[in-house]
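Two complexes follow with chain A in common, the first pairing it with chain B and the second with chain C.
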Partner chain A sequence: MNMATSVSNTGERRSQQNTRPACNTTSFQKKSRSKLVSIPGTRPSVQNGQLIVSTGVTSLDYVIGGGLAVGTLLLVEEDKYDSYSRMLLKYFLAEGVVCGHHVFLGSARDPPEEIMQDLPAPILDDIASDAVNMGQVTACDSEDQGSMKIAWRYQNLPKVQTALASSSRFGHYYDASKTMARELREAVKCSTFFLPHELPAQTHAEPSPISEAYRLLLHSIQELIQREGFDGTAPQQKSRNILRIGLHSLGSPLWADDICCEEKPTQASSLTSFLYGLRALLRSSLCTCMVTVPSHLIQNRAIMDRVTRLCDTAIALESFRGSERETNPLYKDYHGLLHVKQTPHLNCLVCEAPDTKDLAFKLKRKQFSIERLHLPPDLSDTVSRLSKADVAESARLLSSACGGLATSNKHLDF
Partner chain B sequence: MLLDVIQGTENGGFVIIQDTVECCGRQLLQSCIAAALHREEDVHVLAFEVCEEDLRLGLDRKYEQRLCVHNGYTDPLGWSEHPLFTVHQFMAEELNAHLSGSEESKPATLIIDSLSWVLRHHPPAVVCQRLQELRRGGALRRVVALLHCDLHQQSIVGSLCHLATAVISVVPGNRGQQAVAKTTRRTKSGKVTHEEEYFSVKEDLTVTVEARPSLHGRPQTEEDEHEADPAANLTFNLRLSEGEKEAKEKLSLPFVFSEEKKSALLQPRPGSGRIVYNPDASDDFDPEDPDDDLAV
Partner chain C sequence: MSGYLGSLLGFSTEKIEKGDFILLSDRNADASFLINHFLSLYLRAGCKVCFLGLVQSFSHYSAVALRLGVNLVQAREQGQLVFLEGLKDSVSQLLQQGPNSEACPMGFLRGSQTDLRSLFRFVQRSVGGAGEWSPSILLVDDMSVLLSLGVSVGAILDFSHYCRTTVCHQLQGNMVMLVRVGEEEDDEEGPELLLKALTHQCSLALSVQGLPTGYCRDIHGQVEVRWKERGAGPGGALTQKKLLQYKVHDKGVSFFARGTSSAVL
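Take a look at the complex of A and B:
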């Protein structure tokens, strides 16, 4: 049972919503008179009517404004050991498989078949809603023990509303401990690009703004779009479909790019030219793309800023593993911080930003949850204040405008 | 964890031993060679920095034929007529043939001493691609490389360590002769573990690991001392006596209803937000307009 079915059946959606247990649903249905074709796995955004797809992680969909718009590019800046960004890429591809989209995977490090075999298994629909609601209900039950004397009207409400969720379900849940069944995976069309197989042994270094590896990748994507008719050129296609492109670790040295190794790379504009060409391809076809970049290796901030500007939505993952924050009691429930660096404004003046910038993520077995980071108030005298050196260090690490609030909260002295 | 990495239990790994001029990591490299030989594997060593005799020092005699040292020390850049092994051959296809040359198809271990030498003569992106190609070739079980991290920019070291499955950094410890090894290991599933240990390498190239060095940071005892009672030493009384506590409990609060009314009100209702108004005795509930300004 596919939750995100065609848009024209609003009545069907309403009945689907009623069968779920009543837990902050609204009965508001936006009347959409749009002439959009109904493609499985997509729906129009409630904010601006753009056709959006789910990224595979429902809390990430909420953070970037409902979902990933078709024709846009999502940039994920990798965490230090590439554990969680790889997981996000797998969720993205798994969502494509479950929705029946065409999937394209480009990689230079691991063979794409390995990544595809490692996709998480989707959780069937009724079990998923139970699993998610179970989490919320048990939170309520534990509060009954301390039944309140004065504020008893609030005793059944959950203690802190940390989970970010929108009212209507869009997207699926995945079980990270199981891999997707082979039949499910083979039911969708999957194209791959593995750089060591495609790159000829002797590369003739002609001067060009884009390196050979990226040129081959771009050419491969363009050929696929034209062949399968994602840009509308093939008129015999009756049912349109979406192409999901996942590119792993662009900009790393394995893509024959030296922006990670040098401060003044010889081909500094190679990745940016590729992204420019890729975005042009995406805008003119029914595709979405997720790109992961090891930004912690890129030395030149200007290059990273250009890469961020060229992508539509940009998020950065910062994992606590291996850093001194791992032992910090404030962060003990989470695996890392998530910074939203950029959200697009597509055909509108205002962009959708999450209402809080202190976001932390946690990879649970059935869910990749992104939550508001709550700092407990500093009530005691004995807590040690961060010294100036610590603040400067953390400001250097979280050098974006969106992050850094977690430490600055501690720095305020009342 | 250092011993696990040296023993090399997992396949397809790429281990980088980072050292500096203050503390040399070559002994750890030699202990990796010794451990691989003990496991009766073929070991190929690309030696650029020390001569072959120094590398063979301390190794067990009976495994000699399993160890193949490619001598890049005498003539690394190929200046003489017939160089034994040059740094450019690292990139070449013949190396693959060398490595898979043995009759038994048991995968070999490749030891590179050192990677810094190779990075001096080839661009780092190319070296990364070549290492990945060697790992994927199937002829190698494991690659262990020595990297002098003070010879390169941080970005190059970072890019190489990004490719590695385990990184051992050797730093001098503050406890006399012992050195500290900081090991970071990353499994295929993305799990990362980190450990710091004192270690020492004996004459026969076995590694002994000792206790972890003490963690830096604020000592924990300081916090315990400050847990003083804030209500002590005050000129006014903040505590309640027993009788006062009882009186406080007995006080009936407003809006405390009976249990049935409470549970009735607590039932989850659709569209919460009802206003329940119970007028008090003193409330004057007059439905007429008190201000007389409605034109009724």
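Take a look at the complex of A and C:
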């Protein structure tokens, strides 16, 4: 994290002049005389001055604390059919293309070229800014409420915002129905790693905690970082850039890994050793990484816990498709639930926890929106017992403990 | 450490107990704030500290320690702190690049070594040697990442036993280790077994968990403190237990008795 903090300190001073003084500044100020380097597509975070990039989805940026910090790893636990997590990966790569970052894509199932050809097209500036302005206008309209007479205890609570909007123009919007133009894609440098092409037919297995497939992937990333100078070893280039690494479906059997197949896998520590090495590479260079893992296939809970702890930010997608919730009228506005499993401690004791843990997502044409899940009002004429049971069931699912769902529901009696 | 927890446990920078093995553990929570607190406490007390930082980079610990009032860079230059940055050498060892030397502490990543001998030799070199700093302290953050790197539970327990013998008994110093486990399951071998074995050996155990009633922004979790009374009668060590709640701030942590959080009162 050496690189990111030295760049961000100059940005911190700048951002403190621009933003509102209510941000929690610490009394510690590092005196740094580094030149003002600004890398396209990044900005310093308002919370702690870390250099952050957008994940490509503005509402996801808001949920994970402003954006993805450079030098950290985002873990996305895939939904059952890998439809929405794959979409998130494509947004992440598309954002890299639009910002001009160097993009690296590693995959074992789909050829990387196929994924790259399928990236969503960015929306031109004027349409996107209209959407943001409209959002702000509607929020202002309902401001002029009189003081509350009956529910006066709730007077001082902040307004419940269902749409999580970010205030700055950091991050772009994409049209999911169109694919990105080829010229735009070819303007950036893209490196790929496709396992079936890289893995030799015979692998001489030396005993090692990491398997051959992951070792090759780690080596390829390390080589790219050293060659292009993302870790600062190459002589001073004209402009510094960020490397965005996207890894699809790590841990799946196609990566020659058996943690998804067995409860007591033979190579239980292979993926975790790879993630450890990846963390070492990320912390010492200007890179950021998104990894998707099919966690619903991993039977051993302990392994998934270890994988989560070795990543910095972890979210899980749970789509309603194919489950009985798809037809449940309570969830008709959404495509699935989004769980924030972990947020990182970036050079400080606290971590950015989201306001609420009940988040749901919906993939719209021009936006992947993540909202606070709220139950629709119970407007049925006859208040039947069945609907009450439904509400109670979903209320039980909504409340969650610090690390997951509440294990004892005897404390919840509504 | 100051405050409620410090006075409860009798920790202060003036008086450091000798021969203590302190075990920090967490279950679905993050106890890294405790290890950072212990690091700054021992450095302020003038002890010789050997810190095995296996999960984060040196600049992270340095930034956190600065907020707690301790300068790690200076301590390292003066020789008070010996810091092992596990991440730095890990890639070259995982990819088996470079010479295969016995001296590299992260050499167990190569796969040719099945135990943590080289790591222990590093610890031995670092805590030994009489100097103006005393007593010697060993801090490990954290032990369960070694399980993720393919080391067996037996090898980790051997390592902790060797360290305890060297640091706590021979040198009369202290040892602090952090272990992280997930959901409690009966058939889980690795982390639970490690936790149970280390809890049995330790003299003070702090275990951090989330609140049993759910997520709360103002109270980040609870800490259960168990310690063995010294000088207990022939009946054996008497174990005392206490439950506190905590909230992590930017500059420190505040502990309070259950139900007395400032958000509630």
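Following the convention adopted for this analysis, the second predicted complex is superposed on the first by the 307 of 414 C-alpha atoms of A that agree within 3 Å, B and C clash if a C-alpha of one lies under 4 Å from a C-alpha of the other, contacts with A are read in each partner's own complex, and residues count from 1 in each chain.
Throughout what follows, a contact is a pair of C-beta atoms (placed from the backbone, for glycine too) under 8 Å apart; a residue touches a chain by one contact, two chains touch by 3 or more.
Bear in mind that the values here come from a model prediction, so they are computed numbers and not experimental data.
Shared-chain residue A:Met87: touches chain B; no touch with chain C.
In the superposition on chain A, A:Pro196 makes contact with chain B only, while chain C stays out of contact range. Of the two partner chains, chain C is the only one touched by A:Asn347; chain B is not.
By the touch criterion stated above, A:Leu218 is placed in contact with chain C alone, chain B being left untouched. Judged by the touch definition given at the top, the superposed model places A:Cys260 against chain B, while chain C stays out of reach. In the superposition on chain A, A:Lys149 makes contact with chain B only, not with chain C. Between chain B and chain C, it is C that contacts the larger number of residues in chain A. Taken together, the chain A residues at the contact with chain B in this complex read 22, 81-84, 86-87, 109, 149-150, 152-153, 155-156, 196, 252-254, 256-258, 260-263, 294, 296-297, 299, 321-322, 381-382, 384. Interface residues of chain B facing chain A in the complex, by the touch rule stated above, are 123-126, 128-129, 132-133, 136, 153, 155-156, 158-159, 162-163, 184, 186, 190-192, 194, 218, 223, 226-227, 253, 255-256, 262, 265-266, 268, 270. Residue ranges on chain C touching chain A, taken from their complex, read 28-30, 32-33, 36, 56-57, 59-60, 63-64, 66-67, 87-88, 90-91, 94-96, 109-112, 144-145, 147-150, 180-183, 185, 188, 190-191, 210-215, 217, 220-221, 248-253. Listing the residues of chain A that touch chain C in their complex gives 1-2, 5, 24, 26, 28, 206-210, 215, 218-219, 222, 268-269, 272-273, 276-277, 279-281, 283-284, 301-302, 305-306, 309-310, 345-351, 353, 355, 357, 399-404, 406-408, 411.
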